[in-house]
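Right after this note come the structures.
Both complexes below contain chain A, partnered by chain B and then by chain C.
This part shows the complex of A and B:
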C-alpha cells in the first residue's frame, strides 16, 4: 500500500503535506456564508456564497520556501515554462531560497508565482484556491463590517492602495490591515490568485469572446457590470482578466481556502 | 495514519487528473500568446523596417522625409510613478513612457506599425492602449491588454492621416485616463507636412485630487470629483508649471511655430488659445481640413488640433484654456517665449495679460480646505520653504518667478525699495489689497492688487520667503507682526 502510494506520488510529481496539514487549521478563519452581488457574472443577481475557510494571511516567502524544499519540481530550475513564466520567483536570489533579502522578505507575501504553482501549493495542504466570488465576498469586509462596500472611508482607502505603485519591500503579512473576519491583507498588500480568476471574460461562446462588450475596455467595461461606480472592484476584475495561468507578477500572491465541511473531517 | 494516507492518495489522484486537464486547456492559450502574428496582409511587398523615435512633451520627433511607407516599430513602456502635479503637490501618475502626456509617436500614412506595449513589473495594474489612429475594434485595446511585467505586440496599418489621441482603455477607463494615460500619434499625410521652424507637443488633462488646488502632499485620486466632472487641476503637459519659467517653449521673431495640441480629458473640452497670437492656420480636430485666422480652437476630450502661426513680435505668449478659471485657478497655463527685435508697428508694448485681471486673477474663491492642511512653521527656514509654494500659487502669475514683476504692469518684488523700506506696509498690501499709484524702484505703477485670502500664518510665510530672496533685506516675519501690521495698514 505504502509503496503504491509512493509510486503514485512520484508519477504525479506529488507533494509533501504532513507538516502543512498540521498547522493549517490554526491559520485559517471561517467566513460565514451569505449573499452578495458580484460586479460581473451574475446578471446583477445576488449570488450565495456558502461558508468557507480562508487562510488568515497570504502565503509568505518562508512558507513557500518550505513548500519548495519538499517539492523539487517547483524549484526555479525545474519548473516548466508552461506552468510559470520567466519571472517566476524572480525576487528570490536562490533557486529555492529567498537568499540575501531573506530577513526583509521572510514574512512578506510570496509573489511572482503562477496560478499553477499557487494551486499546487494549496492542494498539497488539502486546500484549494478560493473562487472569485468567495474572495470578493470576503474582501468586502472592513475592520468592523462584513459588507463595507458602500462605506466611503473603506472604499477610498482601497482605491488609494490600488493607485499606488508597489513598495520596494512588501511588508510582513501580520502588519497589514485586518478585517472583521480576522483576515489580514485582503486590501492593501498584494493582488491574489483565485481559482476561476478569468471567468468574468472567458465565456464558452467564441463569438461572445470576440465581441467588445465582453471585454473590460473603454466604455464597454461598464456594460454588464452591476455597479459602475465600484471602481475598486473594476480594478480587481480588470487585473484578473489580464492574467494567464503561467503569468507571474511582482504584486500577485495567493492564499488558500477550504470548504467549511472539510474542516470537520480534517480536524478529527 | 491510514486515513491520512488514503486521503493523500485521493487528493493526489484528483490533482493528477486536474493537472492533466489544466495542461491541455491552458497549454493552447499559452502558445497563442507567445506567437505574435506576423502575417499582416500587404500588397506593397517587403517594407524597410524603422525603429520609431519617440519624444517627451513638449518635444516632437523630426518630420518624416521618407517618400515611401515603412514598417515602423514602436515600443512604449507603461510605468506608474509619483511625480509633481504642482509645487508641493505630488500625484501617482500612470504613464505611457514615464511622464504625462505619453511619448509622441510620428508615422506616415500607409506605414505598417508593429506596436509593443510593455507594462513595467512594478506596475500595480494591467494596462492597454487604444490608439485612435488604428482602424479595428478597440483601437488595439484588446490586443494589448497587458499584465504587470508582460509585453504585448500587435500590428496595424495607418490608413488615415491626422493627429490622433491614444489612451489606456482598461476598466475603470476614466480612472486610467484621469491618472495621465494619454498621448498623441501624428500620422503624416503621404505628401508630408509643410515645413515650419518650430514644432511643439502640448496636451491638456484634468486631474481629480482629494485635496483642493494647492493642498500639499501626495494627493490621492478622488472618484467623486471625477464623476462630477469637477477637477481640482486642469494642466498642460502633466503638471502646473510644466510649460512656464525655465520650461517655457521658445521661438525667435519671424519663425513659424506649429503646436500639436491634444486633450486627454478625461472630462473637459479645451478652448485652446494663445494670448497675443492668432492662429494663421488650424487643422480643427486634428483632421485634414484647415481653417485660417482662428483665435480659439476647441479641442475635444479624446481629440486634438494642429495650430500654426508666425511669431512677429518678441515677448511672452501665454497658452491657456480660455475657460479661463481653469487657467488662473487650476493651472492650465503655458508660455511661449519669443526673442528678437521689437516691431513697434505691430505691437507697441502693452501686456496682454492685463486683459484678464478684471475677470478675477484670484484666489478669492479658494476652497477653505487648503489652509487647515498646511503645516505650521516653527522657524525661519520653514517659513521660507512654505512661503515658496504660497508664492508660486498666489503671486507668481503677476510678480513672476524671480520677483522681477512686469515693467509697467506688476511692480517687482526683487530688490524692491517699496518693500524693504517698510515691510509692515507690504504686509498690509497682501492682507487688504492695494489700488492706486505707487512708485517702486523709480517706476510708477497704477493698478490693482487684489486682496488675497491668506491666513496670517500664510502671510508670514510668503513675506518671509520674499524678504529672503532676490536681493531683499532678509529677516523673519512673525505671526504677531502680521497681526499688528494688518491693523496699522488698512488701505
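This part shows the complex of A and C:
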C-alpha cells in the first residue's frame, strides 16, 4: 500500500512539475521597455519597444525533441517542403530524435529549423517569436549596460564571433555570453529567427521598389541605415533579408517571447 | 488487500487521467482545434502538392465578408499581389499593372484566371473597405478576390510570396512590389518584381499554366 501511494505521489508530482515547467516563466527574462533607433527604421527615428518577456536561452535540441514527440506533423518524415526544406534537422540522426550525438548536443541550441516550425514551437508554449525590433533591442545589451550601442568593444566581440567558423558541436546554451538582462547567447552562439524577419527593405527609398536590392551591393546598401559603423547589425539585417520561411541553416536557431502580462491587459 | 488494490488502481487512473487532460490543454490546442474545425480544408490539402501555398490552414475574409481558406482559390491560375487601400503611390500602379495583364487575357474564361489582392493593413482594410476599393477601381468580382486576415496570417503568406513589408511610424507601409503567378494547385511558378515592367514574361507564364487546364 505504501508502495502504491508512493507511485501515485510520484506520478502526480511528476505531472505537477511538468505543469510548473510549462506555465512558470522561470526560464524567461523580463526586458524592460524603452526606445532605440533600429539600423533600418523610419528616417532614423527612435522606435519604442514595450516591455516583453524573452526566453533566457535559445531552444535546445532536447527541448525540441520533446516538442516533436508531441507533434507528429513536424517530424522530418512528415513535414511538408513548404514548411521546411531538405536540410531540416539534418544534424539529427533520427527522424524525431537527436540520435547518436544526443549526449554532446542535448543542451546545444537547436539549429536547421525553419521559421514555420520555430513559430509553431513557440505557439505550442503559449509564446511567440520575438519581433526584429524586440530582438535587436535586447541584443544591444552587454554584460553591464542595457545599451552598449556606442561601445566599440562590444561590437568587436560580435565581429570576432562572426569571423570564426561554426564549431562542430555548438556549446551548451548555459555556457554562452550572458547580457545584463540575464539573456544567454544573444551573441556568440547562433543566429535567431524573428517573427517579422521579412520586414527589412534594405534600400535607400524603401517604398519605391524592393528589387533595387540587386543594385545596392556594397556601399549603396547602407543608404537607409542609421549607423553606418554598425557592421554587426548590417550582417544580421542582411542575413535576415536573405532568408525564406522554409529555409533551414546550420547556425540559425530561435528563442520565444511573450508579451509582458501587464501590457496585455492594458492594451486589450 | 483487495480493496486497497482497487483503491490504488482507481487513484492511479484519476491521477493519470488528470495529468493527461492538463497536458492536452496546455500544449498545441491551437493546431488541434484548427484541424478539427477545418475538415474540409484537410481533405483538399490531401491532394495538394507539397509546395502549394494552399497548405496554409489560415482563414481569410473576402470583400463580400465571407470567410474562406486559401485553398478556395484552387482550380484557377491566380495572379497574386499584396497592397493596402490607403496606399497612394505604389499600389495604384501595381493594380494598373495587373489590369494590363488582365486585358491581355481577355480570351480566357473568368473561371480559368483569377486575380487576388492581399491587404498588408488589416486594421484599416476591413472587408467593407476592400469592397469599396474594388468597386472604385472597377475590379470585376468574378475575377478579383480581395482578402484580409490577421497580421500573423498575412505575415506568413507574405513570407511565402517573398514579400517584404514594414509599417512605418507614419502609418505608411514600405513594401516590395511583386506580382506572383500561382498554378491551379497553388504552387508559385513566376514572379515579376517592380512597377510598370513589361509584363510579357508574366503573361507567358500564365498562358503556359492555362494550357495545362
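By our rule, the second predicted complex is superposed on the first by the 224 of 268 C-alpha atoms of A that agree within 3 Å, B and C clash if a C-alpha of one lies under 4 Å from a C-alpha of the other, contacts with A are read in each partner's own complex, and residues count from 1 in each chain.
Please note the rule applied: contacts are C-beta pairs under 8 Å (C-beta built on N, C-alpha and C of every residue); 3 or more make two chains touch, one makes a residue touch a chain.
Everything numeric in this text was worked out from a predicted model, so none of it was measured.
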item: Chain B versus chain C as contact partner of A:70, first or second or both or neither; value: second
item: Touched partner set for A:44, first chain B, second chain C, both or neither; value: neither
item: First, second, both or neither for A:87, with chain B first and chain C second; value: first
item: Which of chain B and chain C A:245 touches, first, second, both or neither; value: both
item: Which superposed partner A:196 touches (first chain B, second chain C, both, neither); value: second
item: Partner chain(s) touched by A:234 [first = chain B, second = chain C, both, neither]; value: first
item: First (chain B), second (chain C), both or neither touched by A:166; value: first
item: Which superposed partner A:123 touches (first chain B, second chain C, both, neither); value: both
item: Residues of chain A at both interfaces, chain B in one complex, chain C in the other; value: 1, 8, 11-12, 14-15, 18, 82, 116, 119-120, 123, 126, 241, 244-245
item: Chain C residues touching chain A - in the complex, by the definition given at the top; value: 4-5, 8, 11-12, 15-16, 18-19, 22-23, 26-28, 30-31, 50-53, 55, 89-90, 152, 155-156, 158-160, 162-166, 168-170, 172, 174-178, 193-195
item: Residues of chain A touching chain B in the complex; value: 1-2, 5, 8-9, 11-12, 14-15, 17-18, 21, 82, 87, 116, 119-120, 123, 126, 156, 159-160, 162-166, 212, 215-219, 221-222, 229, 231, 234-235, 237-239, 241-252
item: Sites on chain A touched by chain C in the complex; value: 1, 4, 7-8, 11-12, 14-15, 18-19, 22-23, 41-42, 45, 47, 70-71, 73, 80-83, 115-116, 119-120, 123-126, 195-201, 206-211, 241, 244-245
item: Touch list for chain B against partner chain A, complex; value: 4-5, 7-9, 11-13, 15-16, 19, 22-23, 26-27, 29-30, 33, 80-82, 92, 121-126, 128, 130, 137-138, 141-142, 145-150, 169-173, 175, 179, 210, 220-221, 223, 227
